[in-house]
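In structure tokens below, several structures.
Look at the two complexes coming up: subunit A is in both, with subunit B in one and subunit C in the other.
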Partner chain A sequence: MFTDEKWSSSKNWFIAAVFWIIIGMSMGLLTATKQIWPELLNNRWFTYGHVRSAHVMLVIYAWLSMAYVGSMFYMIPKLAKTKVYSEKLGNFALVFYNVVILEGFFALLFGQTEVIEYGEFPLWVDVQLLVAIGLVAYNLFKTVGRRQEKMLYVSLWYFLGSLLWLPLTWIVGNFPAQWIPSGVQQGLMGWFLGHNAIGLWMTTVGVGQIYYLLPKLTGRPLYSHQLSMIGFWAIATFYVWNGPHHLMNGPIPGWISKAGVIPSIVLLIPVWAVLANFWGTMKGSWSQTRTSVPLRFTVAGTIFYLFACLQGPLQALPSVSSVIKFTHWTVGHAHMGPFGAFSFTSFAAIYYILPKIVGREMFSKRAMEAHFWFSTVGFLVFAFSLWIAGVVQGFAWIEGVPFLQTVLMMEPYVQGRAIGGTMMYVAQFFLAWNMYKTIKLAKLEKKQQAQQQAASA
Partner chain B sequence: MKKEYQQHESKEADIVSDIKIEHNKVPKLLVVVFYVVAIWAIGYAIFMPGKLAVEPAAAPQDNKGELIFEGTCLSCHATGAAPDLSGVTDRMPEEDIKNVIKKGRNSMPAIGHLYTEKEIDMVYEYLKDYR
Partner chain C sequence: MERKPSAVLIVALILWTFGVAGTVILPLFDQEINSATASGELRNYPEDSAEARGREIYIQNGCQTCHTQFVRALPADTNQNLGPVTKGGDYKYDLPHLLGSNRTGPDLMWVGLKYNEDWQRQHLIDPQSTSPGTIMPSFDYLSNQELDDLVAYLMSLKPTEERLEEYKKEMSEAKNHN
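This part shows the complex of A and B:
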């Protein structure tokens, strides 16, 4: 029933991922549109709260995570110089994972939620998703276990670390919270998942992707082994502490608050180390970004990663937090890592890996260009609308401007966000169409080749 | 197999999984940043409260009369549902005005139980300047 074809898991995870980015982002666009026309689709299933949480969960655990698994099913065996332990298991895990995501999607639209940011799926979905993640991790660890290359390349540290950390944060964030009395403790447990889903899954797999893609795309050696060590171990040590900064100035003890602020700032160390390594590797290759869309996506991803990690630590400071907390700013910031940085690197991974799997170039270079520019410009319009909105909103609240008036002040910015969001959404259709065409043509060409060979023989 | 990574000084590139890895030194700027961040972290841990120090709002309440007047009275007296109140202190004595506020008159409800004597005084003070 499940195919054993070489690289089929990688390809199929990518296809599913791109399917879900369309669904997930349409939920996001609906969320943005509802802020302009609150009456839109105002029924039992599509109320604002349902749609927003569905958007968040789908883009992270459906689109981004599936794209990550897809690239790991290619990059890990390549780095280990062996084949995937079991393509069949990989494909089975894909089907299972998609069923679970579908369950979670409907549960959210139905109104079931755990009310934990990045962990909204109800308990019965959480358990199944954990099993699905476990299947993927088992398969990939087994693959590394049978490796032909003794040394582990940096990307492998990141991938293997992430495959351990994701189940761990998932368990801590989703399960004990059910038995802990609600309140501050539950909030802290929830934010352990909330921030580590970003820090020890999205960031670390994404950084691993970049470490793989940059030397491959530029043909240049990795800049520094030492920097990659500093980066990896500092992320592994400090990221896990970041949860409490989401409850900054809230009713948490001062020492917990400090234990959240300090590691947030200390994160500048791994981030700068990683980026120095990337840009050191890029030295002399910047001009290639003009022609190579995958490289351009990767480099743009590193730039957005830098900006996300300049904002993040500053936002953790109590004084900054007191202005921008609960404003639109946070939403802009929250999109920069998952979309600007790591969706971009995943796009690059797809554009790099898919042609290698199907044995044919991407169908349309112009569609790739359109994908890049719509994504980038759309995101910039989206993000700057929200950042300006957030600052205006934050200071208006401090001034004591009546709340309803601040809502009305936000109108142009919310519209700007929806326009940028629409561009981001449209961009993904170029990706989906291009992938569809490429895979279809590759199949056709293979068939023709086989026929020609049969005819000539 | 371990020796490849221990050749840091030699500056020769390793090759892992067909990817070349160089052993360039950590840029000096980064080393400075690392130290600054580390020192800051220790200082913050020892000296800072970790939260924003906020003083309890001790806002002067001398505009309370105005707030009550705009928040309560004007919902009727500015909409045409009830008479305009500008210059009302010229037309009625102080006692009567306060009584109307406390006990109501015709279609106006009694709202005396909502406010203290002092607050009603402040509303009256405000009305004196309301033209």
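This part shows the complex of A and C:
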């Protein structure tokens, strides 16, 4: 069952990831639909709060994290010019990780939650998940340890850092609440996880993926090694301080607020360093996005990354936050990084890596095109609905419009979000079908080849 | 360092530790969030009281995903008449915290001030009957016991008389000022 076939870990993590994007996004679509028809599937298990929690946890820790691990099981050995330390362990960790995710999913539907956003699984699931992440990190650190290439390419820096930060951050965020002296203190620790699951895992692995993919897909060297170092250390220095901005203008002392808000704004530095480097690398290659879908996914990802990172520091300004906090805007922004930027780069990674490891082109280019356009157009409809909704809602509250009336005002935007969301969801079936066909045909072709060889021998 | 993964990891760990020290460890020593206010004491529910059980039901049903308990000194909150601005000490006994991040529904920090028990119960069973057009789902699948406990919790969410007077005075002063 736990094969040590070359690249099997990478392939199997990808397959599991795509399975979970369908489940995770169907939970998201149900969340959006429940805001239009509140009584839809309304029972003890599928109540709005459960479905929303399950959506968030599944898309982050099941889909995106598994896609990331799949990428790293290919990219890290490639960059280290060696093979994976143990494919067997990689496959074992995958099965274990999936069992844990399944436990977490059911726990949330049964109403067991730790409340901490991005850390909602109950403690007994957290502990297991930590072990699973630890197994992956151990395997990949060992792989780097056996490297033949002495220079550490920038993607490796990002991957190494992320594999260290995620488990540590997971521990701080999920620290048992009853051992901490205050509700607000627990809030700070919860948001430490909430923000750094994004900053020190989603962002850093995603950026590492882009640094790997862009030169491969364009055939050009990275624009500036120096700039990539500045970007890495600036992210490592400032991102980790961002948690408190989630409690800004609220029940935290002024000094904590400043300690959170200032680094949030300073983040503009690494973001520009990273993006200048991406787009510098793209120089002269933009036309290739017309023909290469993986490159187009990567570039669209960098553009959405820019959007997300313009919004982030802006929202960290207390005056801006006072309008848009708690509104639909936040939900729009929260999808920008995980879906717009980093799911897109993970799609690109799958399309780039899968053909290399199964030894066959992707089955359908048309399905790839459809995946891209449905994802992109759907996401734009989704995101713009929520941003406009958030601004309208924010100013209506300031003007003192009664709350219930502001809910009614949101109806058309909420519908727009559901329509965009449906397109985003449908898009993923093109990915799943294309992957299934590709892997199946690759197996068939290998078998035929073997038969031919046997016949001619 | 470009050849030494261990060096990268050590520096990455040190930078991470600075962030933890600043935003997680240092706040432990701040009295503003670590000593309860009088209104915070009201939330120190005895174990297995109706309020404590109701709080569990609130969490189990994910109420915190739509409702915040977080009142800011900002027009968006004061103009919505949410009640006194909250302080760190109000949450001293809130474990886990229910501050929330999204107002799909209104803030509930002081909801016990606003309606009576009958209204709360009716609202949970049939939200449309009390708030036409609302997108809150019905919680009619809860047992009578569960509804009683949840209503007891919601009704307990209020500030002390003193805090309320203070707030009313501030509000009228602000109005006169305009």
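What we mean here is this: the second predicted complex is superposed on the first by the 451 of 457 C-alpha atoms of A that agree within 3 Å, B and C clash if a C-alpha of one lies under 4 Å from a C-alpha of the other, contacts with A are read in each partner's own complex, and residues count from 1 in each chain.
Everything below uses one rule, namely that a contact is a pair of C-beta atoms (placed from the backbone, for glycine too) under 8 Å apart; a residue touches a chain by one contact, two chains touch by 3 or more.
Please read all numbers here as calculations on a predicted model, not as lab measurements.
J.: Mind working out whether A:Asn139 is in touch with subunit B, subunit C, both or neither, as first, second, both or neither?
T.: In the superposition, A:Asn139 touches no partner, neither subunit B nor subunit C.
J.: After superposition on the shared chain, which partner residues are touched by A:Met151: those of subunit B (first), subunit C (second), both, or neither?
T.: both
J.: A:Thr376 contacts which: subunit B (first), subunit C (second), both, neither?
T.: The answer is neither, since A:Thr376 touches no partner chain.
J.: Is A:Ser385 touching anything from subunit B or subunit C once the two structures are fitted on A? First, second, both or neither.
T.: neither
J.: Scan A:Ser322 for contacts with subunit B and subunit C and give back first, second, both or neither.
T.: After superposition on chain A, A:Ser322 lies in contact with both partners, subunit B and subunit C.
J.: State whether A:Val261 touches subunit B only (first), subunit C only (second), both chains, or neither.
T.: first
J.: Which partner does A:Asn249 contact after superposing on A: first (subunit B), second (subunit C), both, neither?
T.: both
J.: Scan A:Arg52 for contacts with subunit B and subunit C and give back first, second, both or neither.
T.: Once the two structures are laid over each other on A, A:Arg52 reaches subunit C alone.
J.: Pick one for A:Thr422: touches subunit B only (first), subunit C only (second), both, or neither.
T.: Touch status of A:Thr422: no partner.
J.: Please name the chain, subunit B or subunit C, that touches the greater number of residues in subunit A.
T.: For subunit A, the partner with the higher number of touched residues is C.
J.: If you lay the two complexes on top of each other, which residues of subunit A touch subunit B in one and subunit C in the other?
T.: 150-152, 249, 255, 322
J.: Contact residues on subunit A for subunit C in the complex?
T.: Those in contact with subunit C are residues 34-36, 38-39, 42-44, 47-50, 52-53, 111-117, 141, 144-145, 150-152, 156-157, 160-161, 164-165, 168-169, 172, 177-178, 180-190, 192, 200, 233, 236-237, 239-241, 243-244, 246-247, 249-253, 255-256, 259-260, 322-323, 325-327, 330-331, 394, 397-400, 403-404, 407-408.
J.: Quick check: in the complex, which residue numbers of subunit C touch subunit A?
T.: Touch list, subunit C to subunit A: 2-5, 8-9, 11-13, 15-16, 18-20, 22-24, 26-28, 30, 32-34, 59-66, 68, 70, 72-77, 79-81, 86-88, 90-106, 127, 131, 133-139, 141.
J.: Along subunit A, where are the residues that touch subunit B in the complex?
T.: Residues 78-81, 149-154, 212, 215-216, 220-228, 230, 248-249, 254-255, 257-258, 261-262, 265-266, 268-269, 272-273, 276, 280, 318-319, 321-322.
J.: Hey, which residues of subunit B end up touching subunit A in the complex?
T.: For this pair, the touching residues of subunit B are 1, 4-5, 8, 13-14, 16-17, 19-27, 30, 33-34, 37-38, 40-41, 44-45, 48-52.
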